[in-house]
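The same chain A turns up in both complexes below, where it pairs with chain B and then with chain C.
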Partner chain A sequence: MAEKPKLAIYWAASCGGCEIAFVNLHERFLDAAAAFDLVFCPCLLDTKRREVEALPDGSIAVTLFNGAIRTEENAEMARLLRKKSRLLIAFGSCAHEGCIPGLANLSGTDQLLRTVFLDNPTLDNPQAILPAAISPVPEGELTLPPLLDRVRTLAQVARVDYAVPGCPPEPERIWEVVETLARGGELPPPGSVIGAGTLSVCDDCARKKGDKRVERIYRTFEKCPEPETCLLEQGFICMGIATRSGCGAPCPDANMPCTGCYGPPEGVADQGAAMASALGSILDPGDCRGLNEEEIAQRVASLVDALPDYAGTFYKYSLAGSILGGRVRR
Partner chain B sequence: MNRISIDPITRLEGHGKIDIFLDEAGDVANTYFQVPELRGFEQFCVGRLAEEMPVITNRICGVCPEAHHMAATKALDALFGVEPPQAAHKVRELLYSAFFVTDHTTHFYALGGPDFIIGPDAPPAERNLLGVIRKVGPEIGRQVIDCRARNHHVIKTVGGRAIHPVAGLPGGWSRPITKAERDEIAAIAEKNVQFARFTLKLFDDLVLKNPQHLDLITSEAYTHRTYYLGVVDPANRVNFYDGKVRVVAPDGAELMQYHPSDYAAEIAERVEPWSYLKYPYLKRVGWNGFTDGAESGVYAASPLARLNVSDGMATPLAQEEFERFFETLGSTRVDGRYTPVHFRLATHWARLVELLYAAERMRELALDPEIVSPKLRAEPGPVTGRGIGCVEAPRGTLTHHYEADARGVLTRVNMIVGTTNNYAAMTMSVRRAAESLISKGRVEEGILNRIEMAFRLYDPCLSCATHAAVGKMPLTLRIRSASGAVIRTIVRQG
Partner chain C sequence: MKNVEVAIEQGGAAAAETFQPRIVGFLCTWCSYAGADQAGSCQLEYPANVSIVRVMCTGRIDPEFVLKAFRAGADGVLVLACHPGDCHYKEGNLRAAQRHAVLVRLLEQMGIERERCRFDYVSAGEGEKYAQVISEVVSSVAALGPLSINS
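Showing the complex of A and B:
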């Protein structure tokens, strides 16, 4: 029997949803597990790292890497797995674009530690202790991996062959990828997104689209959407227009706007910029004849002020991988 | 001083790491259970739109996003000062019950249960779902996969997505259930009830009828007499979705009941420089280190804790199992309530009692005429400034606390999640297991699994089915001298 291709599944800063999505292949999960020799799975830390290091370079056929790069340790593992793997795949939104953990880039790591450990309603920390890389204890020394100054995507620390988008990737799409890899099927040029479409979520969304003119932005709690019309046309910030297809548009189907977890469509570099641009052409300040410049500016401002968090809305999943990257720091 | 490191232990909410220090005599001097992961939701949620929290906090945990989604949605009800229609509460609880069924099932068959079904000292390659299938028969594997699949189907139907649902709104729920969907869900709930009964029977046959297993469960190595905390309904019965938080002392006396919105008056969290996870404790009792007993504010919040704080279960079959649970484990009734069971390994059994309750509750809700109501939203009022939402997550009480400005932009966020509640208790359980297995520098070969068992009973959170199901949970244990030289290595290949 031919040797099965070696597969590694590693997670960095993530929630575990990518693994659960994998298990949600349900009965096909056992087929997927049988097609590969799962060499490194679940997590490869410290001691286990030595065993990975001992492997010949390129001896792992595929590494599915999920999770963002939050700590030094995450970055080290990314570089190590790159070296040992013939294909390194950014699996899921965190590895691909930074995802929700990447929102931490809107402030600094110092601020993050202060908020969690020093300024919090349930703290009992009179000595203002912060977690430290090295802590002396009576019996010896304990270590923690330090946080990086900002969250990075996998591609920002290692060369990535492919990205599978989604938070998490839908099981149907995972199956396509796993099945292709298992039979050694043809893959697109390196650097491509796989396991997704190339168009936008709107192309999969069953809601009726018509005239895209929005006179007012509504937040999801402000009104009940009409069940069959495009949510964006109803004034909700639905990110579908700036988001890659592949998920099958389940969120609009459940009467909630797309929040953009599949990242930008093919050919779009920056999801948030794409959404800003789309909104710019859709927002309608109404009849401005006879208004002076200041009045027009005021009217536009009142339109856009209805959404007090553009960064978190437009870049919810893609901040770390975006052109902006996060807040500018000294 | 010698040192034993276990790294990685398994997946909880992050990676975990255990260090065991031995004294000069070769006995356990101390153990440290570290969590070397932090993403910092409490920081980066500030500035976000409050209504986005059910979707954002899903990403705290992909194993139990439903719990975060629900706690967040309830926090939003409070933040916007709105009471959802009864039907919306029922739809939420229906999804939540399906979630408990799939989560508890996964734990029993793929994560914690194999220790008993296969045996605690069986080779690790056997102690997994595939081993269970070999021992109990291939039909069981199919049943477990079916159970997960059908309940994730319900979660997707009701919540919009199978992982990271989207339907939670302040004042309600975005997606009504159709009559056809209701019929399908009711049939699934019925299957769940049968499956839960089958699982309890299996536990009975394989564990309770095996004197060695029973001895292990009741052994001192896995016993802690701590406080217990959990949500109860107005009749003081277990409730996952809503209620007051009840705390009982090690002897079973009620210490207090408090409304979840008062949590900060009752719970505080300690910080240690060597871990990114904080240690919650009961403020009324105070922090007294990693110790048992009535003088120590350490508490557990888990399936075992929920049974210990409750007067009973709200569904008939689960109530029967509840009584059998306490009677079998030697508990007595005092003032109409059973005294707490302190055997931590009994958490596995408690989880199955809850599995049956979740299935029965799901069936009740599916058959409730109101469940197909199209009106699931009430209009939110102005932002009240503060909202606290609380549910029982499978691994313990989950609390979300939001503060927001008049525009509904978050200004402060705090969360105490299921696993975190048990951090001190887990630390103690690891220590006790180590103490019972290490003496005079002699490390029992079975230590890896016995220590794993000590924390696995609390929380399988991310020791997820992906890995355990295929028998890959590599562990390396090193014993080091004070100079750092490795004097012994035990490697357990998956």
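Showing the complex of A and C:
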């Protein structure tokens, strides 16, 4: 029997949801296991880094790499798996665009450590101990991988062949990718997004869409959405208009605005800019005839001030991969 | 110690004087670009720090253009539109005003001051106002100092 191609699934700064999504292939997980030899997956198997290091370069057919690059260890593992794999796939929103860990790029590392380990009301840390790269203890030295100065996407530290978006990717889309890889099917040019569409979530969404004129922004706790009309038209910040299709729009289908986990659509470099553009086009400040420029600016300000956190809303999943990448440091 | 502080302050002031900000200006072809032309034909004096990108309408300016300008090294961005009611395409300038309002809130969270991204209205006949807006934006961005976006 010919040797099966090797598959690795690795997690860097991630929550484990991408592995759960993979296991949510249910019975088809067995088909995946029949087609591939799963050689490395710390979440599901007792496999060690040294075993990967011992493999010849390029001997892993495919690595599905999930999680953002938060620590030096994450970056090291990304480079190691790049070297050992013929295809390195950024799997899920964290590896693709930074996702929730990437929101840390709105703060500096010092501020981050202070918030998590010192200034948190639920903490008891009287000696103000912070995690350090090296900590002396009676038994010797304990080491931890240092934090990088900011969260990176996988493609910012290693050459990536493809990206599969989503937080997490939908199992149906994962299966399409795994099935294509298993039968050696044709893949798009390197650098492409696979396991998703090219349009926006609106293309997947079954809600009725009409003329978009938003007279007021509503946050989700402020009113109950009407179940059939476009959520954006109802004034909710639904990110679907600036988000790649492919998920099948389960969130708007469940009366919840899209929060943008599939990242920007094809041809869009920055999801936040795309959403700012969309929202700027559909806000309706009413009849402005006879108003001076100052009065118009005030009306616009009162409309847009209804949303307190633009960066967190528009870049919830894509800050690390965005044009600015995070807060500008001085 | 006092002397050191004074020296730093003077050094900073000297640096602010010599710092020449790079500013990208997106100008609507129908009003503001014509306004810039008028400033030129009237031989008005204004700083030469603004590189102009002429667009058909400020409604065409995707916020991505502004982010790309900052990313490419601009210290400031200026968007000049037709006055309300004067837009060649009816309300492209209002779209631009709204996008700008959203974008500056986003930029502030990213640590880019609101003054670095200015929106204003200049008509084809307002060469004087054009020169004044350019002078104002150059001095306010120069006071903020250079912007460097590290990756």
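In this text, the second predicted complex is superposed on the first by the 323 of 330 C-alpha atoms of A that agree within 3 Å, B and C clash if a C-alpha of one lies under 4 Å from a C-alpha of the other, contacts with A are read in each partner's own complex, and residues count from 1 in each chain.
Here is the rule we use: a contact is a pair of C-beta atoms (placed from the backbone, for glycine too) under 8 Å apart; a residue touches a chain by one contact, two chains touch by 3 or more.
Worth saying up front: this structure is predicted, and the values here are computed from it rather than measured.
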Combined model on chain A where chain B meets chain C, clash or fit: fit
Which of chain B and chain C A:Ala274 touches, first, second, both or neither: second
Chain B versus chain C as contact partner of A:Phe221, first or second or both or neither: first
First, second, both or neither for A:Thr122, with chain B first and chain C second: first
Contact breadth on chain A, by residue count: chain C or chain B: B
Where the C-alpha centre of chain A sits as vertex, the angle toward chain B and chain C in the overlay (nearest 10 degrees): 140
Partner chain(s) touched by A:Pro285 [first = chain B, second = chain C, both, neither]: second
First (chain B), second (chain C), both or neither touched by A:Ile323: second
First, second, both or neither for A:Gly140, with chain B first and chain C second: first
Touching partner for A:Leu106 - first (chain B), second (chain C), both, neither: both
Shortest CA-CA distance in Å separating chain B from chain C in the superposed model: 9
Contact residues common to both interfaces of chain A (with chain B and with chain C): 106, 309, 311-312
Chain B residues touching chain A - in the complex, by the definition given at the top: 1, 3, 5, 7-8, 10-11, 15, 17, 19, 21, 29-30, 32, 34, 36-40, 42-49, 51-52, 55-56, 58-63, 65, 76, 80, 142, 145, 148-149, 152, 156, 159-164, 166-167, 169-171, 174-175, 263-264, 267-276, 278, 280-281, 287, 377, 380, 401, 407-409, 412, 414, 416, 461-467, 469-470, 472-474, 476, 478, 482, 494
Interfacial residue positions of chain C with respect to chain A in the complex: 62-64, 66-68, 70-71, 83-85, 94-103, 105-106, 109-112, 121, 147-151
Chain A residues within the chain B interface of the complex: 9, 13-24, 26-27, 29, 33, 38, 41-43, 45-48, 70-71, 73, 99-101, 103-104, 106-107, 111-113, 115-117, 120-125, 129-132, 135, 137-140, 142-145, 147, 167-168, 171, 219-221, 224, 250-251, 253-256, 259, 261, 307-309, 311-313, 316
Touch list for chain A against partner chain C, complex: 106, 156, 268-270, 272-274, 276-277, 279-281, 283, 285, 288-289, 291, 293, 296-297, 300-301, 303-304, 309-312, 314, 322-330
